[in-house]
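Shared chain: chain A. Partners: chain B in the first complex, chain C in the second.
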Partner chain A sequence: MKRLLPILPLLACVIGIQIVCSGTDTLYYLTQMTMAAYYSLLILGLCVLMGYAGQISLGHAGFFAIGGYISAGLTTHSLVPFKDNGLIRFLDSTGLLLSGQTLYGEELLVISPGLACAVAILSAAVIAVFIGIPVLKLKGHYLAMATLGFGIIIYRVVLAVEYFGEADGISEVPAFPLFAGLSVNGNFGDRVANYYIAWGVLLLGLILLLNLIDSRVGRGLRGIHGSEEAADAMGVDTARFKLQTFVLSAVFAAVAGVFLTHYNGGIGPSEAGVMKSVRYVAIVAVGGMAHLWGALLMGIVLNFLSLRGVFGSYDDAVFGSILIVIMLFAPNGILSISFRHRLTRFFTKGKQEKGGGA
Partner chain B sequence: MTSELFIQYLLAGITYGSIYAIVAIGFNIIYNTTGIINFAQGEFVMFGGMIAITLLQFMPLPLAIGLSVILTMIIGAGIEICFIRWLKAPSVLRLIIITIGISILSREVAVHIWGESIRSLPYFVGNEVSSISIFGARISPQVLWVVAASALMFICLGIFFKTTSVGREMRACASNRKAATLCGINTENMVTLSFVLSAGMGALAGCVMSPITYSQYDMGTGLAIKGFTVAILGGLGSSGGAVVAGLLLGVIEAFSVSVVPLAFQDAIAIAILLVILFIRPQGLFGSKEASALKEF
Partner chain C sequence: MALLEVKQLYKRFGGLHAVTDVSFSVEPGQIKAVIGPNGAGKTTLFNIISGTFPATSGSVLFQGKELQGKKPYQVAALGMARTYQNIKMFSGMTALENVMVGCHVQSSAGFLSSMFRMPWIWREEVAIRERSMELLTLLDIAEHANTDASSLAFGQQRAVELARALAMKPTLLLLDEPAAGLNIYETAEVGRLITKIRDLGITVLLVEHDMSLVMDISDEIVVLCFGEKIAEDLPAAIQQDPEVIKIYLGED
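Take a look at the complex of A and B:
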């Protein structure tokens, strides 16, 4: 329980931000906070993969896109032409399809968001298994290039396939009703509710991962990061642990993709771009690789600033510079002990020299 | 498929293939001396083309290309000195992330200098419509420039590494850095030199290909992926392998146009990369024992 205690102040912050925003009539900040929370969910998953298992992935935007695009595609493309298909009839009879009318009064029959979400996450998991088994045998540069290649293939596919809307992406994605009248959508009225849904999902993910890294599996993963051969010799099933972590982080990315797509009401090919994957890696690096809280904090702050447009047209440049500067001067993240030591030493040394001169 | 069409595709494949081979050799030079895969390799090609296009407004073409190559070499040296030289025993993950960061920064610098528009150098000889007939296939004379420049670079590089003393020092550094240091070779300078060489080769490739393939600020990533595919396919570190693999990939891509939609052309190279990585990471010509000794 002790490791979960820091959740309480975080929860207080989350509620505090909402109260302040509602009180000062600046609810629009909550929109970016909601989106930042979903992106941070992906970043948490990537943090465990990169920081704890030590496996780099430059293709996580691909998993985000798989989640978002499949959910969006299934809930927007009408199944009316396939109405007589046996499978469709079966789904319809079990209540997994939604029928309605389009803006032009045509009949519309789509898969319900719940089923679409399940299919999307399952697809991401299955793809992660099939990609992960061969890819995770690779190390270093090879692993980086292979995952980068996977990300680019996904980007090309969503850009070239008509079902995924090519360059336009998919828009008019319906709301995702959860339970008790809550639903993931972009309506202004539901902004506060959606803010809490996003943070609820994020905190759930965080608790799950905090428990994971403090378990036998987590210690095994850290062993793999230190030295794969040594971990192997100590009886850690390295291949299985790595694959499980890879699939878990892919599922986190897919969940983030599904929810954010329903929240935004659409998804475009830029979500699958290489730059997105690099940005996630940058944020994990800034937070200090093996540091879930750091990744969470940086994920929220940097995504929020980026979404608010603070960086303007230098958005990508900012993330590129962050990557270089962090990796050059603080490879363990800006929250790491050694970096703080170096900073304090740097400043106290400066003071002493000043004192000596005077 | 008629024989003319066949030759047409073949020549197109050789053109692109020789460019891939040059990018791959650029990867190899740096990899050999440092063990780093420079993710910013494609950006050297972009800089070469873009700088030459800008310089062309002030000077004749050969001078613009020469100056552009020299400037890109200076950029390459600057990158190594600023970001890599002073790191003490950095981990592979750290180096990967740093070179990716450099690649992004270079692209952002380029987009803020030159904008998003697509540019190109003029054809060295003739213009867009002039062509030469080879076995019934018609090609642009620029294709000959590309192939000739690539071949020339490959041969000069071979002579440089085999005969000159600096070349021998670089090879010594590649085969065992510690031993090379003990023999009195300044390995740090050799690393800088390898960045300079590979930047210069990339820049020249960027200039000769610019009239055919055009230059744009974001052309680097695609080229880097394909260059890396070729480098892996030919066995990482082997220049001869890179040439064979480059031509192979170029030809495969050219013929694939008749089978799969153009939009998936890039995906083919990446699919080949993934397959090679999974089944034969030492490359087509590399030996398994040698690759087992390398730290990837």
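Take a look at the complex of A and C:
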């Protein structure tokens, strides 16, 4: 239970931010906080893959896009022309389809968000298995390059396929009803509710991963990172554990993609871009690689700043610079002791030298 | 039936004949040592037995089961543990956590049951933690349980590595130069430990350079030279063997 205790102050912060924003009439901050929470869900999954299992992926924006795009495609493309198809009739009779009207009053029949979400996440998991089996045989730079290749393929696919809207992406994605009247959508009225939905999903993900890290599986993964050969000799099926972690992190990315797409009401090809993957890796690195709390904190802060437009047109450059600076000065993350030590030494150096001279 | 049977084992690395026609067996409950000068093929032999790489030809039977073609994690699951000459600690993990990884084959929690903390996972975790602490106590390093393992002194790392191997509840324990890098006091201590481990009912096969240690604790000794077995006998007989003396002391 000890490992879950820091969640309470975090929860207090989350509630505090909402109260302050509601009180000061600055609810628009909650929109970016909600989006940042979903991006952070992906980052937590990537943190387990990179920091604990020690496997890099430069293709996680691809899994995010697979989740988002499949859910968006299924919930927006009308099935009216296939109405007489047996499968469609069956789905309709089981309530897995959603009927309505388009903006122009035409009849609309689409897959319900619940089913679409399930298909999207399952697709991401299956693709992760097929990519992971060959690719995870590689190590270090080679693994980075192979996953980068995967990311580029997904980017070009969503850009080229008509079903995914080519350069325009997919818009008018419907709300995703959850339970008790809650739904994931971007309506102004539901902003506070959606803020809490996002944080609920993120905290649930965090708890699951904290549990995982502090378990037989988590120790096995850290063992692989520490010495793959010794972990193997201890009976850890390293190939299987690496693959399972890869799939798990892909599922986290896909869930983030599904939720954010329904929240934004659409998704565009930039979500699948290589620079997005690089950004996620940079954030995990800033957070300290094997540090879920660091990844969470940095995921929220940096994504929030980026979404608020603080970095302006230098957005990607900022994340590139972060990667360089962190690798040079704080390879164990910005929260690490050695970094704070170096920082204090840097600022107190002048004084010490003066003292020494006197 | 012998616990471990090595039959006509050959290993070639390109043109190098690392192991040539080596056969021997290890009986349950004994301490058996493999000795030989540097480059005799001792570690290669260990790596083949534990599944790190396959032999060129020949077979290794463990409790009657063929090990050739099995991966190290599968060999481990059958009840064979090993240590390394250059200790491979799991860096970034405490001594206790290192030993807890050793409990891997003795426990079963998977991804989903760990993430959702099923009730039986709780019990398993408690059991793993207690057992690991017991082993650290057995090896007199309990006070370092929560220290980062890779920051411990070399001798202490050796002890953690042994505890980690014992956590697997092995039937056979392979020790690759357990006294390497240790001073004479620590070496004597390791000797006592190995005897203690044998008395727990665990069969030990070790590769070692330190002659005094090998002669003290071994029940039987195999001598390798340039990949070939040149002798296999009781320690007293090995000490008298003219060919072994020639290898170790040089020719006249």
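Simple rule for what comes next: the second predicted complex is superposed on the first by the 350 of 358 C-alpha atoms of A that agree within 3 Å, B and C clash if a C-alpha of one lies under 4 Å from a C-alpha of the other, contacts with A are read in each partner's own complex, and residues count from 1 in each chain.
To be clear about the criterion, a contact is a pair of C-beta atoms (placed from the backbone, for glycine too) under 8 Å apart; a residue touches a chain by one contact, two chains touch by 3 or more.
Since this is a predicted model, take the numbers as computed values, not measurements.
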item: Chain B versus chain C as contact partner of A:211, first or second or both or neither; value: second
item: Broader residue contact with chain A after superposition on the shared chain, chain B or chain C; value: B
item: Touched partner set for A:275, first chain B, second chain C, both or neither; value: first
item: Which superposed partner A:229 touches (first chain B, second chain C, both, neither); value: second
item: First, second, both or neither for A:256, with chain B first and chain C second; value: neither
item: Partner chain in contact with A:141 - chain B first, chain C second, else both or neither; value: first
item: Contacts of A:324 with chain B and chain C, given as first, second, both or neither; value: first
item: Contacts of A:238 with chain B and chain C, given as first, second, both or neither; value: second
item: Residue ranges of chain C touching chain A (in the complex, touch as defined); value: 50, 52, 71-73, 76-77, 81-82, 84, 88-93, 97, 100-105, 107-111, 114-117, 121, 124-125, 128, 164, 168
item: List of chain B residues in touch with chain A within their complex; value: 37, 39, 83, 87, 90-94, 96-98, 100-105, 107-109, 112, 221, 225, 228, 232, 261, 263-264, 266-267, 270-271, 273-274, 277-278, 281, 295-296
item: List of chain A residues in touch with chain C within their complex; value: 208-209, 211-212, 215-220, 222-223, 225-227, 229-238, 244, 248, 290
item: Contact footprint of chain B on chain A as seen in their complex; value: 54, 56, 58, 134-135, 137-142, 144-146, 148-150, 152-153, 156-157, 159-160, 274-275, 278, 281-282, 285, 313-314, 316-317, 319-324, 327-328, 331
